[in-house]
Structures are given as C-alpha cells and as structure tokens.
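Below is one structure, written out as structure tokens; the observations come after it.
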C-alpha cells in the first residue's frame, strides 16, 4: 500500500489538462466528457483502412506490468502502436522489486532512457499514484489497474459504451453486480457514473462481498438481485475471481450463480431497453448465462473495441498535457 | 479435431481472390502461380536497402501460437513488419483454451480489437479452418501449421525454391522422404506439386511412417530409399520429430539414418542437377549428412529466404481479398 | 571459449570504417572519438519531441540474447526502434545451442531471413567475434557482452559520460573499483581509457578479484581503496555479482562494503570535482552508499541516457560500414 495524495494535484497540469491518468475520482464532468469525445473520434478512425495516427510518433511507451494481464497489456500495446509510439514491454515480477528502493531505481532507469509514458499494472493500491507523484513526475503515468483501488480505463470504456447506447447519463439507473469488495473496476465505475450524473447507482452483492460504508459513495445497496435489477437501464457485471471461491467469503460456484449470476430469467426484470456489460474475460455459467453473454443486450465485444479507443484517448491526452507542462517550465526558466 | 468444410468455400472471396490461406488443397494452378509470382517480387525487394513496403500499414496482425515455434513465429513476425503492419505476439497455451467456447471468446475479443489478420499455429488439425469459417470470418486467417493437416506456407516456399531452380514443374520427379505419417508439410507439398503439374511425386518412408491409402493422393510409394531416389530432380527431406523415436514406430536413430538419411552416397543416385530441400531446423547426422546440408545441392538457406517472401505474399494477398469483400458487402447494403 | 583473431581485421571494413562493434581493444583514438561524437548528436536528438531518425528504416535488427539481461536488451531494443529498425527479440537458452554446429545453423537461418544486424549477448568469451568472423560476416554484429571478455557499449557510454563532464581525457586519473577479475566491463573500460589518453588508470580490488598480470594493461593496482581513491577525477564502480559471494573469492557482504564499498567518507579522498559512475543495476549498501548513488557526483542516470545514444551510434555506424563494403564488393564483381 502506498500513501495517497489528492489525485487532481497529480493528474492535471497547471492548465487543468490531463497529464497522468490515475483514477476517475475527482476528475470533472468536463474532463470525463472530453475523454469520451476523444475516444469517440478514435472509434471512427478504427473503421478506416489505415488504423494509425502519428500522435505519439517518436515517443516511447513502456508497459510496466508488475501483475500479469495479457489481455489488458495487449490492448495498451495495440493502442500505443496505433498512435505510432515505440512500445517496450517489461514484465516485472513483484518479487524482484519487493524493496521500494529497487522499484524506484528500475523506474528512474526507464525514465533516464527518455521514456515518455509508463502504463502501470500493480497489485498494490496506489502504485500508479506513487510513481506519478514521487518517482517520475515528468513521465505520463497511465493506471492499468492498481490493487483494489482503481482501473480507470476500464471504467471509461464502460462509460463510452453506455453513452453510445443511451445518450445521456442523467436518466439512467445502473446496477453493478458481483464482488464489489475486491473490485477496482467497481470503484472507478461508481466515481465516473456519479460525476457523469447517473440518476441512480445500485450495487448488488452478498454482504460478504460489500465494502463497509459503501453507501458513502452514493450508491444504493441490494443483497437481493431480483430486487436490485428491477427496471435498471444498465447491468454491469463484475468478473468473479475464482481464487476467492476457496475463501469463506463466497458460497459455492453454483450457489453464487443461482443468487448473483445474470440469467435470461433475471434479465427480464430490467428495463426492456437495458444493456448488459462485463469487463471480460467472462466465466460462462458462473457470472453470466451463455445466451445472455451472446444475446442482443450484450455489449461485451463493443466494450473491447471501445477499450482500444479509450486507451488511445487517455494516452494522447496525457502526452499532450505533459508536453504543455514541459514547454511552460522551459518558458519560465 | 475440428470438422472440415470445402476449403475453397472458405479461403476465397466471391471474386475468387484469396481471403484466408488455410491449405494448398483445392487451390487452382493459377492461384498457386499468383502466390509464387507475388513472392518472387518480394524476393527482389529483400535485396533492396530498405526492405519495407507499406502494403499492411495501419493493419494489426496477431500471431496466435497455440503451439510453440520460435522459428515459424519469427518469420511471420518479420514478414508482417516488412509489410509495415503492427504485430501483436500472443503465446497461448492450449490448456487454458481447452474448452472450445473459451478459445472462441479469446478470438472474438481479438477480433473486437479490430485485428485484421490472425496467424494461427495449433496442434489440432483443422483449427485454422474452424476459426476462419466459424469464429471470425472477417479476419484474414493464415494457417501456420495445424496438427497433421497442413502447413501451406512451408509448401509454397518449397514450390518457390523449386521454380527458381528448375523453372517448370511438368518435367520434374520429386521425392519426399521421411516421416510422412505425422507430417503436415508432406500433405501440403503433395497437393501443391500435383496442382502445379509435377510429373511424378514419390514418397519414401518405412511402412510404419506411411499413412494408409496415401496412394490415393497420386503418389508412388517407396520403402527402399535407394530405389526411390533414382533419377529424381528434387529431394524434399522431412524433419524427424525426435519424440517419435521413443515410440515403436521408428527404428533407432542410427538405423533410421542408414535407411532413410540423405548421404552423399545416396545422393549420387539422383539426377546430376538435382536439388535438396529441408524445412529446418535440421538434425545433422539424423536425417541428413552434414556435407549434404552444406553442399552445393542444398537449398536449405534459400528456403528460409523464400519463406519470408511467401509469407509476405499470402499475407498481402489475403488482406487484399478481405478488403475487396468488405467493400462489396458495403456496396450491396 | 572461442579462438580469437586480431579484432581490427574483423570489425573494420577495407575503408577503415566500423562494420561490427566487438571490442574497444585495438580501435584507434579517432574511431573512439567518432563514436563519441556520433553519440553526442543522438543525445541532442533525444531532447527533441520526436525521438526518431530513419537511419535504419527497413533494416532488421535481431536481439540474440543467449544470456538473460532485460536491462541491456531493452536499451538495444529502444536504440534500434529510435533508428526506425524492425526489431526481433530472440531469447535463446545456451543449452539448446550447446553444440557449435547448432548455434551456427540458428545464426545462418537468421541471416537467410535477411537480418542486417545481430546484437549478441553470450556467456562465452569471444562469441561475438566468432559469429562476426566465421558465421555471418555480412551481418553487422554488436557485442552486448561476452563472457569475461568485453562489454564495449558499456565502456563507450562511460567514456561519453566522462567526456561530457571533464572535456579532455589527458589530465584524468580514473579509478575502477571492485571485481576486476570477472568483469568484462573493466577490460573494455581500460582499453578505451588508454586509447583516449587518460593520464592514470587505477584498479582497486582485493587480490582475489584481480586477474594475473593486470599491470600489463597499463594500470596501477591498489588493494587499499583509501590509497587508490586519493585525488582521482573519476570513480568507476563495478557491479558485484552476488553469486560470487558464495565462493571463497569474496569476504562477506558487509566486510566487502567496509573495504571496497563507495561511501561518502571515502569519496572525500577524491578530487573535489570528481564524478562517480556505476553500470547499474546498483546494489545499494553493497557496492555503494545510497547517499552517494543519489548524490551530486553520481552520473548513474546520465549513464543510462548515454547508453541509448552510444548504442544508436555504433548501430548506425556499423550498418553504414557494412553497406559501404557491400557496395564495394558489388562494384568489384
């Protein structure tokens, strides 16, 4: 665990532009909307014959994955390459950097190679903040998931998917279902949905998988999924970490599916125009019925497509914010 | 194992152009010749100072290797990069995708990232066909070897090497020597040689390493290498999978070498202008005598060079065929 | 171990230009100065918005690391990408190439793929020479560290760092401290410092970590660090291989630190304007006190930055030398 600072002191430059992307918490509605608008333009570009723009040409992006995640690493690698960046993939086992000093040396070495951006996935909450604020402030840091804290690009690709299908956030009732307690995705989603003005945010989970004082985030808590899904416009399923199954926190896989799996039957309780989302990879028959995952309400593959666009958006915006700041610093010397 | 469809229904678009490259079986002589002609132009390009063409610029090629093969993966990676594509390497252990559904989800996720081409190596025969026909028909699929079924780019680089040295296929007698039973390369070679009009195709192997009914493919079978090599123009050695040695199918390594290894002595039985080929990596002193591998008849390194050119050819042709089809589909909407 | 030839017969073309970069030994002062001048121009380029030049566009650089080294491999990968080369990373376990013939086949295969440059790291002294002279003379070979023999790009980035801070080499007294016996870096540094005209080169180490006849290289030997550091302008620390600790060659870690670790206290013995260097990664509290590593005399991160520039310099120079030679060969045909 790392100590925290006000994220906006860190992730915005003096002109109020994004220079790191660490969390959705504390970012203004205007900033989240700018990210979504920029991402939309990259969605359009992806339909072109040549899916490549020179925005990060000659820049070096380092994928620093202290925790393995082929899928997330691939989307960031693709996003960086489509922005024409040079990409370096480093898979660093947490063990070899167990001492804070050694991690710091590794990062300062990467910075000294004139890296421009670090994409950081780490099992410790706050790792990306720590790096951005204490270690290499002149390198744009993109949080690709830190402990139980945040996974802001996942949350923003979800927001993009909702906006494409629902237009405005104000009239929406959104339900987040599953292991809220261990989910960095849920935290980032709640912050983004509140800022973007969603009418009601529900979390649906067994008591054992709910963080204490979760109501303080402005959500309504349901332990009964049948009640929680009633008339919702958006169902956001969370991925179930199978390793949690062995602990006492969770009932058996089949019991969990009965109570909190998204089935065709339960889906009938939602609004007729509702959509279903899941961050993937999905556990068919555990969190979600196969026919729901592949059905007309499912946005799962759309989310993947939007994931590239959102990552291109925050990468190009953060790089722009860093460059503006460097120029300002040079000008004031 | 996956069920099979007529390959030409899958690998050609409605205009008869290549849109996947799954097998040499069923492709017309004109199509095989077009592949060889295109490859020849890339051989010329490789002699230039700048070995790079923008044919796949802005396209995303994903190397999906469910079975490890550094050598084949490297040639495809190089071919894609010389075509200016963005390349993503994914090494997927078959174990993690043992359920068909999970493999399907992985592939559909990669497709949703706007991947344009999958290069697929898989231990199951028919895997590439299955993906191209059932999973992601809009992504160009290149078969980089599937089970015992096919290894069509290897066969085509062999054809390119033969044509460069012999000109026409019609007058040629070609011998394929070794473990025919387990070889995906042999199957692809036989289909290509027949279509291109080779006069006679001989297979030389011990009875235990011959598939049943192999004669139905239009080949002459020899179990005696001394008879089989007589006056042949081309000797195509197969790689011996050492792991087969332990099984009862094979005699000892030295006995195999005595009977089916290509030595200087045996080579004297072939036509004076004969050439020798091997897909590599070679087991010196097991399938082939060192002086033969390094001798003037050996085309082994030439095959490697041609391998890049053939892969560039089928990748650019299949991408062109996909794009033509997409435009046709849009036009008819 | 591989047999050695006069390195200059190998690493220079007939016009006297660099065509491989294998060792600093035997290279002229003019050549070393040209490398430093070229590297300086790349240092300037790295401060630009777009850190990319097209000098190696369309060229294929293969990273052949027979010995793992994430850090060195990363710097070469970045250097090659900033020169616009296509890069292929191959991690080859020494075990699979234990037979010389097999290594040779691997390399000739890579050459046949029209590779233009091999970056070679190998545990055997002389491996890079062997490849350049016997295996693939038309591929530019860059030595990224071979056994105990040489690590010439490390030595040249050290020379660049010294020149940036001290200007001329002639007035300098330089101390190299630590495990001289096992260090390929020390050998390369000594050759470069002598050729560039440093006034005095001292090596400081316990008797057990000094090669026999080291004085023949033109250095002064100190076993007492307090005496050896007196008035030196440059302190070059070596990395301590922790695995050596277990052998009888080394005292305990704390005893080594007491005798040969660089502390603030010992640093006071050096010239007031002295600088401190270390090839990294550093073992804080083993070879160097943390406050020294992070202090104003420390050049450690500067060395990392210069490492990219020096690698870009030798890569672009060796490629130029190869191309000149190829053209000369073609002209004389």
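By letter and in written order, the chains are A, B and C; residue numbering begins at 1 in each of them.
Here is the rule we go by: a contact is a pair of C-beta atoms (placed from the backbone, for glycine too) under 8 Å apart; a residue touches a chain by one contact, two chains touch by 3 or more.
Listed by chain with UniProt protein names: A, B, C = Aspartate carbamoyltransferase.
None of the values given here were measured: they were computed from a predicted structure.
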Between chain A and its twin chain C, rotation from the CA superposition, multiple of 5 degrees: 120
Chain copies touching (chain B, chain C) - same or different residues, decided at half shared: different
Averaged-CA centre spacing for the pair chain C and chain B, given as whole angstrom: 42
Shared-contact residues (touching 2 or more other chains) in chain A: none
Partner chain B, residues of chain A touching it in the complex: 46, 48-52, 70-71, 74-75, 77-78, 81-82, 280-282, 284, 290, 301-302, 304-305, 307-308
Residues of chain B touching chain A in the complex: 57-60, 86, 88, 90, 101-102, 105-106, 108-109, 111-114, 323
